[in-house]
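Down below are the structures I want you to see.
Across the two complexes that follow, chain A remains constant while its partner is chain B and subsequently chain C.
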Partner chain A sequence: MGDPFGLIGRWFMDLLTGWGMESSAALTLLRFLGAGVMAIVLLFACFFLIVAERKMLGRFQDRYGPNRIGPFGIFQTIADFVKLIGKEIVVPAGIDKPLYWLAPLLVVMSIIGMWAVVPLAPGFRGTDLNVGVLYLVSVGAIGTLGIIMAGWSSNNKFAMLGAFRAVAQLVSYEIPMVLMLLVPTMLSGTMGVVGIVEAQSEMWFIVAAPLAALVYLISSIAENGRAPFDLTEGESEIVAGFNVEYGGLAFGMFYVGDFLHAFTVGALFSTLFLGGWRGPGAEQYPLLGLFYFFLKTIAVWFVTVWIRGSFPRVRIDQLLALNWKFLTPLALLIVAVTAVVNKLAVEQGWSRILALLAANVVMAAGVWGALALHGRTVRRREEELRAGAAVSASAAR
Partner chain B sequence: MHDPWVFVAFLLPIGLLLPAVAVLMGIILGPRKPNAIKGTTYECGMETVGDTWVQLRASYYIFALIFVIFDVEAVFLFPWAVAYSQMQLYMVLEGVLFLLILAAGLLYAWRKGALEWV
Partner chain C sequence: MSVLQIIFLVTGFVTLLAGVMVVASPKLVHAALWLIVSLAGVAVLFVLLNANFLAVVQVVVYIGAIAILIIFTVMLTRRVMADSGPTHNRTWWVALLSAVVLLGGLLALIWQHPAFQAVPAELAAADTSLTVLGTSLVDVNRYLVPFEVASVLLLAALIGAIAVARPVAKGEEADE
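Our next item is the complex of A and B:
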């Protein structure tokens, strides 16, 4: 039971080379099969992710959630899937055909593509790119592109509004996300995701950079486009936004992409900041590493669903102000402070983690003070406005 | 054939193909009775007036522009972050200088009112 993943890989290689296949061709075939299995497992995991998320949302909102089909309603998504297959895909007139059909596929592709670089357990991963972090950003951007394409091509003004909101929101929140990806890169000295996990052997990065982790989590929830940042859909404002003209399984693909993205956010967060598969005994027993990885992923995913179930939708001006006037300057500050403090700590021989933690506490206190001050000014201005309105109302009477 | 990108080259097309198969399945198995009314934008409710691809407010465009500037500059920071552990303090400070220039650009856009949603 030492290393089941390596064992399976070696067994398979032996089998293929035993059949007279060249080892490089066998390796390529192994990669191909691995990619296929990964994509299929992810798509099938959706059946349970969606039902689990709906159950959780139900509990957060003090109702049962799906509970009719199968024990505890766990076959609800399969029933939905069967229903969606049987529905007519109504294609509206005047659409931009290639973009319309490509958009849902691109959304799913971007989410599946992200899993290529995520190390699931020691020695068990899709691949280890030396530019892993940049790859994550670029593949994630394809999903944003898919959403913009969907809204643009649908020949519907609400969908168009959704696409424009996607430009304003999904694209904007990429800035703090990219900047926060610099922090794990800096602390580990590599862009490879496997290297980042390796560098967290002494301490998880969330301890050294809690603020960076928080900003990353917020911006990746916004990237995901779900409550409280679900302006691209905003069913009470722009009906369903970018996906309003999609039906049947074409819509189902957006649905799958959304729910799978939420889980992927958890996986990426736990890889970059929570040490990925790291945990006691994970190096000896890779299966244990896999267990730890999914435990952390599910924990972060649970938090994101919790946020979704708890907060109301923000207005678009609040959304943009939060990103451009708060998260982006904060992200720049975090990168600068982390870089300088870490280097100083190494040169002066301080404890790196303690120094970084202290710097983060100082930054958090500063940000807290600035926000409190800002909140007070805003409240005072509002009160003055209200008082002025009351005066003018009494004068009119 | 030990290129790590081989896996990505397999995974992305498969990731595109599987949903395509699902959508295709929906097209084949589902009924298909299009007509003129069904094909109109929104199918029911008020008929939309005019072209869909209208000119929208310029604010969206400005945000997209600021994004492009920042994203390109963020990419320049990644090599700096990778080389970080081999740097002297003054090299790190040069990176911080670059960040300050970025922040100055953000401040400029802020003061110009580009970040206001009007």
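Our next item is the complex of A and C:
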């Protein structure tokens, strides 16, 4: 049981070369196979993810959630899937056909692609890219492209407006997210995701950089476009959003992408800030590492669903103001402070982590104070406005 | 022919084809999307050369930022988007001829260069190019000054963009 994943890989390699295949060709085929298996497993996991999320949301909102099909309603997604497959494929007039059909695929592809660099257990990963963190950003950008294509090719002004709104949100929130990806990179000294997990052997990065983890989580939820940042869809404003003209399984793909993205956010967060597969005994037994990884991922995913079920929705101006006037400056501050403290306290072991934690506490206190001051100013201004309005109303009377 | 060579040939063909489609497709949005295919092809070529960093930066900067900006601009200009005129006029063969002659001349010139027929050096197993790239950007003897100048230029552009986009203040509006 020392290295089950390497064993499977070697067994397949021997099998293919045993059939008289060249070793380089066998390796290429093996990689394609691995990628295919990963994608299929993730897509099948969606059946579970969607029903679990709907169940949890139901409980948060004091109702049962799906409970009709199968025990506890666990086959609800399969029934939905069958329904979506059975739907007539409605092709709207005036669409741009190739782009219309390519867009949902791009969105799902960009999310599955992120899993290529995530180490699931020691020795079990798609690939150890030395620029893994940057790769995550670049793959995420392809999803944005898919949303623009969906909105434009639908030949519907509401879809177009939804796409503009979605892209404004996604491109804006990419900035604090990318800046916060720099923090684990600086702390571990590598951009490779495997190296980042290795560097968290003594302590998880969430202890050394709690503010960065929080900002990363917030901007990840916004990137995912779900509540409280679910402005990509607005039933009362833009009919539905960029996906208004889609139906059947094409719409289902956007749906799958959304739910899978939420789980991927959990996986990335636990890899970057919670030590990935790390846990007691994970080095000796890689299967245990797999268990720890999914435990952490599900925990973070649960928190995002919790947030989705608890917070009210923000307006588009509040959304963009939060990003540009709060998160982005804060992210820049965190990057600068972390860089300086990390450089000063390098090679110090535990005191380095304590120094980083202290710097984070000071920053958090400063941010708290600044927010309190700002809130007081805004409230006073509103009070004055209200008083002024009352005076002018009485004068008019 | 190894698998890598086949991948290289296919990618190169797709990249070139997409490049032709950028100028040949009548719809502007399609042209912008073909440009993305072409840029993605270049990213794959970077991967084949073991330059992972450049490949990823190619995707982040060109596809994630510049291409999305181009598509946004094209989509916002409604008239141009619906343009369906012919993509070439009667003298297209003159352009083709001059392009072929130019390509032939360039090829003949490059062919004489000794580096053209040299066998490429074997790529190192460990990818150290990223470290080299990083250190040479902060090395005074190498590219520190250009790097800093570029940073200042970008900062100036950023501030300039904010200054242009700022709404006119009330007092200034009265002057106009």
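Assume the second predicted complex is superposed on the first by the 391 of 397 C-alpha atoms of A that agree within 3 Å, B and C clash if a C-alpha of one lies under 4 Å from a C-alpha of the other, contacts with A are read in each partner's own complex, and residues count from 1 in each chain.
Basically, a residue touches a chain if its C-beta (ideal position, glycine included) is under 8 Å from a C-beta of that chain, and two chains touch if they have at least 3 such contacts.
Note that the coordinates shown come from a computational prediction; the quantities given were computed from them, not determined experimentally.
Asker: Looking at the overlay, what does A:28 touch: chain B (first), chain C (second), both, or neither?
Answerer: After superposition on chain A, A:28 lies in contact with both partners, chain B and chain C.
Asker: Going by the contact rule set out at the top, does A:135 touch chain B (first), chain C (second), both, or neither?
Answerer: It touches chain B and chain C both.
Asker: A:148 in the overlay: touching chain B, chain C, both, or neither? Say first, second, both or neither.
Answerer: Only chain C is touched by A:148; chain B is not.
Asker: Name the contact category of A:321: first (chain B only), second (chain C only), both, or neither.
Answerer: A:321 contacts chain B only, not chain C.
Asker: For A:361, is the partner it touches chain B (first), chain C (second), both, or none of the two (neither)?
Answerer: A:361 sits against neither chain B nor chain C.
Asker: More chain A residues touched by chain B or by chain C?
Answerer: Looking at chain B versus chain C, the one contacting more residues of chain A is B.
Asker: Name the contact category of A:99: first (chain B only), second (chain C only), both, or neither.
Answerer: second
Asker: Once the shared chain is lined up, is A:171 touching chain B (first), chain C (second), both, or neither of them?
Answerer: Both partners, chain B and chain C.
Asker: Per the contact definition in the header, classify A:160: touching chain B only (first), chain C only (second), both, or neither.
Answerer: Both partners.
Asker: Quick check for you: in the superposed arrangement, does A:387 touch first (chain B), second (chain C), both or neither?
Answerer: neither
Asker: Share the list of chain A residues that count as touching for chain B in one structure and for chain C in the other.
Answerer: 24-25, 28, 129-130, 134-135, 139, 152, 160, 164, 167, 171, 174, 191
Asker: Considering only the defined contacts, which chain A positions touch chain B in the complex?
Answerer: 24-25, 27-28, 31-32, 34-36, 38-40, 43, 84-94, 101, 104-106, 108-113, 115-116, 126-130, 133-135, 139, 152, 155-157, 160-161, 164, 167-168, 171-172, 174-175, 178-179, 182, 185-186, 189-191, 244-245, 248-250, 252-253, 256, 316-317, 320-321, 324-325, 328-329, 332, 335-336, 339-340, 342-344, 347
Asker: Quick check on the complex: what are the chain B residues that touch chain A?
Answerer: Listed in rising order, the residues of chain B that touch chain A are 1-2, 4-8, 10-12, 14-16, 18-20, 22-23, 25-27, 29-34, 36, 38-43, 48, 52-54, 56, 59-60, 63-64, 66-67, 70-71, 74-75, 77-78, 81-87, 89, 92-93, 95-96, 99-100, 102-103, 106, 109-110, 115-117.
Asker: Taking the complex as given, what residues does chain C use to touch chain A?
Answerer: On the chain C side, the touching residues are 2-4, 27, 29-30, 33, 36, 52-53, 56-57, 59-60, 63-65, 67-68, 71-72, 75, 127, 130.
Asker: Please output the residues of chain A touching chain C within their complex, sorted ascending.
Answerer: 24-25, 28, 96, 99, 129-131, 134-135, 137-142, 144-145, 148-149, 152, 160, 164, 167, 171, 174, 191
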